[in-house]
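Written out below as structure tokens is the structure these notes cover.
Chain lettering (A, B, C, D and E) follows the sequence in which the chains are written, and residue indices restart at 1 in each chain.
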Amino acid sequence: PPNPGQAQEQYVPCLIYRTGPFAPGGSGVGGGWEDYMELINMKGGVNGIKYKYEECETAYDTARGVECYERVKPKNPAYIHPMSTGITYALLDRSVRDKIPLVFMGYGRADASDGQVFPWAFTFPTNYWSQNTAKIKFIAQQMGGMDKLKGLKIANLHIDIPYGQETRPLLEKMSKMYGFEVRHFPVPWPGIDQKAQWMDIVRRYNADWVINRNWGVSCTVPLREAARLGFPRDRIVGVWWCGSEEDVLPAGPAAKGYYSANFNGVGQDFPVIQEIIEKVYGAGKGNLSITRVGTVFYNRGVVTGIAMDEAIRTAHKKFGVKPVTGEEMRWALENLNITEERIKEIGAEGLMPPIKTSWKDHEGGGWVRFQQWDGQKWVPVGAWVAPMREFVREEVEKSAAKYAKEKGITPRTSEALK
Amino acid sequence: MIYRECGVFKANYRADMAIFPIPLDRWGVIIILFIAFVVVPFSASDYWLSSILIPFLVFSLAALGLNFLTGYAGQLSIGHAAFMAVGAYISLILYGRYEVPLLLSLLGGGLVTAAVGAVFGIPSLRIKGFYLAVSTLAAQFIIQWVLTHWEWISGGVFGTVDTPPMQVFGWPIDTPVKKYYLVLSVVVPLTIFGKNIVRGQLGRAWMAIRDMDVAAEIIGISLFWNKLLAFTVSSFYAGVAGGLITFTYYGAANIEAFNIMVSFHLLGMIIIGGMGSVLGSFFGGGFITLLPIFINQFAHAFGTVLKTDLLACLELILFGGLIIFFLIVEPYGLARLWRTGKDKLRLWPFPY
Amino acid sequence: MIFAIEVAIGGLLVGVMYSLVALGFVLIYKSSGVFNFAQGDMTLLAALALVGFLTIFPLWLAILAALVLMIALAIAIEAIVLRPLVARPPLALFMATIGLGFFLQGIGQGIWGTDPKGLDIGISDIPFKIKGLLISQFDLAGGALAGGLVFALVWFFQKSRTGRALRAVSDDHEAALSVGIPLRRAWAISWAIAGLVALVAGIMWGSRLGVQFSLSLIALKALPILILGGIDSIPGAIIAGLVVGASENLAEVFLGPYVGGGIQTFFPYLLALVVLWFKPYGMFGREIIERV
Amino acid sequence: MNQNPLLRVNNIEVVYEHVILVLKGVSLEVPEGGLVALLGANGAGKSTTLKAISNLLRAERGEVTKGVIEFMGNRIDRKDAAEVVRRGIVQVMEGRRKFEHLTVEDDLLTGAYSRRDTHLVKKDLDLVYSYFPRLAERRNVKTGYISGGEQQMVVIGRALMARPKLMLLDEPSMGLAPLLVQEIFDIVVRLNREEKVAILLAEQNAAMALQVARYGYIMENGRLVLDGDADTLRDNEDVREFYLGLTEIGKKSYRNVKHYKRRKRWLT
Amino acid sequence: MNKKNGNPMLQVEDIHITFGILKALNGVSLEIHKGEILAIIGPNGAGKTSLVNVINGVYHPSRGHIFFEDKDLTTLSHHHIASLGIARTFQNVALFKGMTVLDNIMVGRNLKMGSNFFSQGIYWGFAQKEEIRHRQEVERVIDWLEIEHIRKTPAGMLPYGLQKRVELGRALAAEPKLLLLDEPMAGMNLEEKEDIARFILDANEELGTTIALIEHDMGVVMDISDRVVVLDYGDKIGEGTPEEIRNNEKVIKAYLGTARQK
């Protein structure tokens, strides 16, 4: 029973990176997430329980990420966001052993969407594979229908690390399905120079569309190179980590027209964002500079905050109002249902897609939204796009099964954990 | 006088050539080993075991390997993390896919890495100094490329090799304490082996090459074999360390954990710790792996005063500043500082 | 064929831009024997400072202010880092510069923030066509700047009294002291020049990539140039830059597809290794004299 | 000696690396226009004394912890090495510290770095070449490649290029052919007489040194054990035996040196 | 003292070396006989060091051959030549500065040691016995050269004279058949020169080491050498007993000078 004399707190560790080449991503997402928790706290907490959030700087370094995890573990966090693909890999095993759910929204491994093999890992609201199917759909839309994909030349320009390579097989499969041609152009890290790739894409391969799957500075370079070679920017569509203001601003006018995927809305025109500005920043408790509120990464952080907050509420409903444990949180994450109505209630309509998870499906929808840079700001293009659910699911399960075999895991067959 | 050498007469060269000729050192080592094997496992928290001690020990082992190459043989390498990566991938593949016993997998990872290291050591036969250092970056980039492009290694789309649950002789290694023991029982023998190597004929040959290779060769030391051997032994240690850290810390072999920054960190370890010193590798390993953590925890004390993004920058500033500071205090590394301290104790109360 | 030429020309021009960063390394190595790993971070800091100053000053004044800052930095580095480390092993100094790199990263990002900032110096990056070849004004400006710098620096080192003194310092700084060359001033001067070069590189690269942390990573691209041309050769930095730029791009385009691509980062290293095997001090580096 | 020496070293102690005490209270003087020899065994501290004066110690992690060094009445022990050179003291270090990548001529020219009268530099360069014709032949070769003796000529020539008031010579004759040793000493004497350059000469070749010097100090183990006019020293029994190799019966042959050790009297 | 003679141990035949336009050695031939002490003298830059460098493979002659015990050395690598039994010291001391005196001299014995890598690492059995055996040998050298007190001092911290002595120790530790000494006494005072002279004579007389010695101190050369070879800018201008050389006009003009001869 809650002790009325003592204020109860929900401890939330934030593994974050505020310096280094990817700092805009880490600080942006982290800042938005923390601001949302701050907002909830100012409104009295989640059902009266306040968040106690604490940062641990990982510098995007795997070793330090693991150390952060171990450091915060004794404080019984209900969940962990590793915030980096490398750290995610390192924590997968530990999270199972320690019974702490691992949530990686929009990064990490896509096949972890399969709850049968990854009971403790969550990828909602979408994963990279869903994103890519949505991208193909989006390209088709721009071209005027799925049949127009036939004969199209798509260049998959990707940073040459596992994160970048991950979607190659999927694209190849789809190219067979829809009759388009795909060629991969690996960009060695850090991707400052992509002249060769672009010469090839534009001059020799004559690509119709380019997928920009990079990270950090390598997201920006393609826009410049495309401009120099006269390749239309509205024929480039980026991954959601290449679709922030920080990615396009340095490219100046060269970025105008560029598309990117996203799984959250942009701008300040959402009631919840307005509320944050008013209450949190009004009270001087913001975790970022106010100029970044409403940016892509920031809003992604807010969406993170909302989703996690909703999960805690779900747990409260089942287990009672108290600080949630990892195991309770896991149940809640598996039974998450953030409906359109609820989203509207929160004041986040258009900011995030609905999410509905199950014990099998840890992705919970996979909706993707596209946006275009108009030179000043990101403008949403069209409605939320549904991924090719079945296709992705099939791939996810295949890949997860392989993982299970490698690790000696027996996939579960019901909601219950053995 | 607390620490003394005089008064301890060595009856024969055998005693003088023992691994720790001074009794107090010998006792010191025994006490440290006792603490490491007996006291620590029963008193340290999981956090300390798994995220302070394990990385500290393993990175020190890797640093020791690099120290053979750079500190003893004088061949500067800034691509050493890649060798750790080779060890990590190979030993995990051996263990996971081919069901080779764990310790043998580690050994196998080390041996394959040693072979790779020997190949990348070939340029050292012609190239020297910073030219060689920069060339070793080739190892970093090429190995990184091969590991991610060769599907047999990376095992498909995620570029990652996962481990099944670990066991040694049928014992599951699943708690931090057991992992710690695993690490310790690899690190300690390898360290002793390394210490013996460097104080023997091979170590002397390496140091001779480091100090003046022309003269060494004229004296009859084959640069070819000794340099390649330095690369081989050094990458063997790196490979074992890579496998070990992956088994006990990262859980999955992922190239991002062995990026170029890690190479710089390894180099930092031996320079700060002490070039050409086994002990220094451990000091340096501790300094570089633990300092950021301590700074981070220390900086948190200011969490209320400073904005968080400034805090992260403050960490960098402190880290960089402390590296410079320690280099100024003792450019020959912490191990030298330690020795000077001991000397002072030994001679105390007569400082000169 | 025209495609190959285009790739080569594009590579040459980008190579020169890398040379700008390589030059910074060369300068400091040549004049004090220090392998300055913080050169990339100095580039970042210079660019960050410039963008910072641009919010209050017009362009020329901002450049001037950034230059003053780099000179002040050089003097500070001399006093705080180099002077106490005089006559220490080169590796200790090398490590100190790595530490310095972290320090500068912290300072730069702490003061000016981590988010990328645009920098527009008013030179167009949109190429024009000459006989079917695309060439950008920006690249030409970069090339001209680099060329000019090289001429000035070569003259300085070979012909001027201070230049000769700096060369002496790098050979043996104790002996340099014994003939009355003030080490402190020599070091401060060479670091200040390297700061100037960092600023130039920071401007050029910053306006291309945006001013952000990744500027400091350009140093990685400069390294193979450095060993190919010779760590202490100023003209070597430019020539090797051209070679590296052209060859890595040609390799990626024509060799890459056969091996799976993504080879342009390590290709220059392979090239450098081959050259170094025959010329262990790079194409133009001075050899280490080992007489017994 | 006289009341107003050019250089006065007063009771200095030197410590290396904060712990190694090398000089234990050394005092010596060089008068205006003097030519003073400093003799002593290996490791006695001659070079250290010279480096203390020119303040090159700091570059080797040594420092003067006690005592005073005065040059023309001003303290110089706290001054920067470059400043000491500017005031007119130049040291020729032992070990042929040439700038190996500079050509012979460039190397010589660095010697003139702190001179104001740049127009006279060319003349002095010719002077150096006239002293060492071999260098003129090799002027465009990097000093790293010339022979040991030629390198020795370069460093001495370089010091001359600075036109010092006081020259500290650390074993100038080392590794030079007999003919050249004579020449070097002739040059030293000429410099001293004609150009009025005061000289402090640390030498192993005691016979030569005591021939040209007017005054001498003998150093053992970081202490001065004996000093006096060159003639007096030459007649000292210990100096005769240990430094000049002369016994009662005349010069002894190296072949006949036995394994006996007679202790020097001052060493107790 | 006329045990010397017999067939030449080392034959240098018509060696040419050029550096750029400079002819450092211009067709020099000479012989070193087993058991003798040969002095090589000549003005600075005459090519003495170059000659020694050719013998142990640092420079390769553009013309000519070198035979050591009838084996052609001309194309062998340095460490191969060393393994035949030729050791040397260097004009500019080339000690391993970061290593202790003991280790430096132990390195000198490198060629004589051969335990394998693993037994070295475990330091048990053969490796240990071998280390101790060689250590005893090295201690003999140390005793003999009277450098016991600096055994554990890093060589780089020693004063010049002692470094030269350690270097001699390192060369002697290899138990060479032929020992090449490049100005072993430069920078020493008389007493120390006497010591070194003694060591050289002892090595020659007691161990039977053949010695070739470059030296500028005529006193030493005249006293201890059996034969003298004089080089002058690439040419051999004289050869003979010390007496003959002392009175050779050419040598006096090129090298010895006349004034102030004691």
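Quick note on the criterion: contacts are C-beta pairs under 8 Å (C-beta built on N, C-alpha and C of every residue); 3 or more make two chains touch, one makes a residue touch a chain.
Remember, it's a predicted structure, so these values are computed and weren't measured experimentally.
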Q: Check B-C against B-E and say which one is joined by more contacting C-beta pairs.
A: B-C
(Q) Among the chains here, which has the CA centroid at the largest distance from chain B's centroid? (A) D
Q) CA centre of chain B versus CA centre of chain E: separation in Å? A) 41
**Q.** Rounded Å distance, chain C centre to chain E centre (Cα mean)
**A.** 47
Q) Roughly how far is chain A from chain C, going centre to centre by Cα mean, in whole Å? A) 37
Q. What is the distance in Å between the mean C-alpha positions of chain A and chain D?
A. 74
Q: At least two other chains touched by the same residue of chain D: list those residues.
A: 145
Q) Out of chain A, which residues touch more than one other chain, so two or more? A) 18-19, 27, 160, 188-189
Q: Mind pulling the residue numbers of chain C that touch at least two other chains?
A: 105-106, 109, 113-114, 220, 260, 262-263, 265-266, 291-292
(Q) Going by the contact rule set out above, which residues of chain A touch chain C in the complex? (A) 18-21, 23-24, 27, 160, 184-190, 192-193, 195-197, 199-200, 203-204, 216-217, 220-221, 224, 227-229, 246-247, 249-252, 254, 289, 292
Q.
Going by the contact rule set out above, which residues of chain B touch chain A in the complex?
A. 45-47, 50-52, 55, 96-97, 141, 144-145, 148, 154-160, 162-165, 174, 249-252, 254-257, 261-262, 289, 292-293, 296-297, 303, 308-309, 311-313, 315-316
Q: Give every residue of chain B touching chain C within the complex, in rising order.
A: 70, 76, 123, 126-131, 133-135, 137-138, 141-142, 145, 149, 214-215, 218, 260, 264, 267-268, 271-272, 275, 309-310, 313-324, 327-328, 331-332
Q: Mind listing the chain D positions that touch chain E in their complex?
A: 39-43, 47, 94-96, 134, 138, 141, 145-150, 152-153, 171, 174-182, 204, 206-207, 211, 242-245, 251, 253-255, 257, 259
Q. Residues of chain E touching chain D in their complex?
A. 19-20, 22, 41-46, 49, 91-92, 158-162, 183, 186-194, 197-198, 201, 216, 218-220, 223-224, 254-257, 259-260, 262
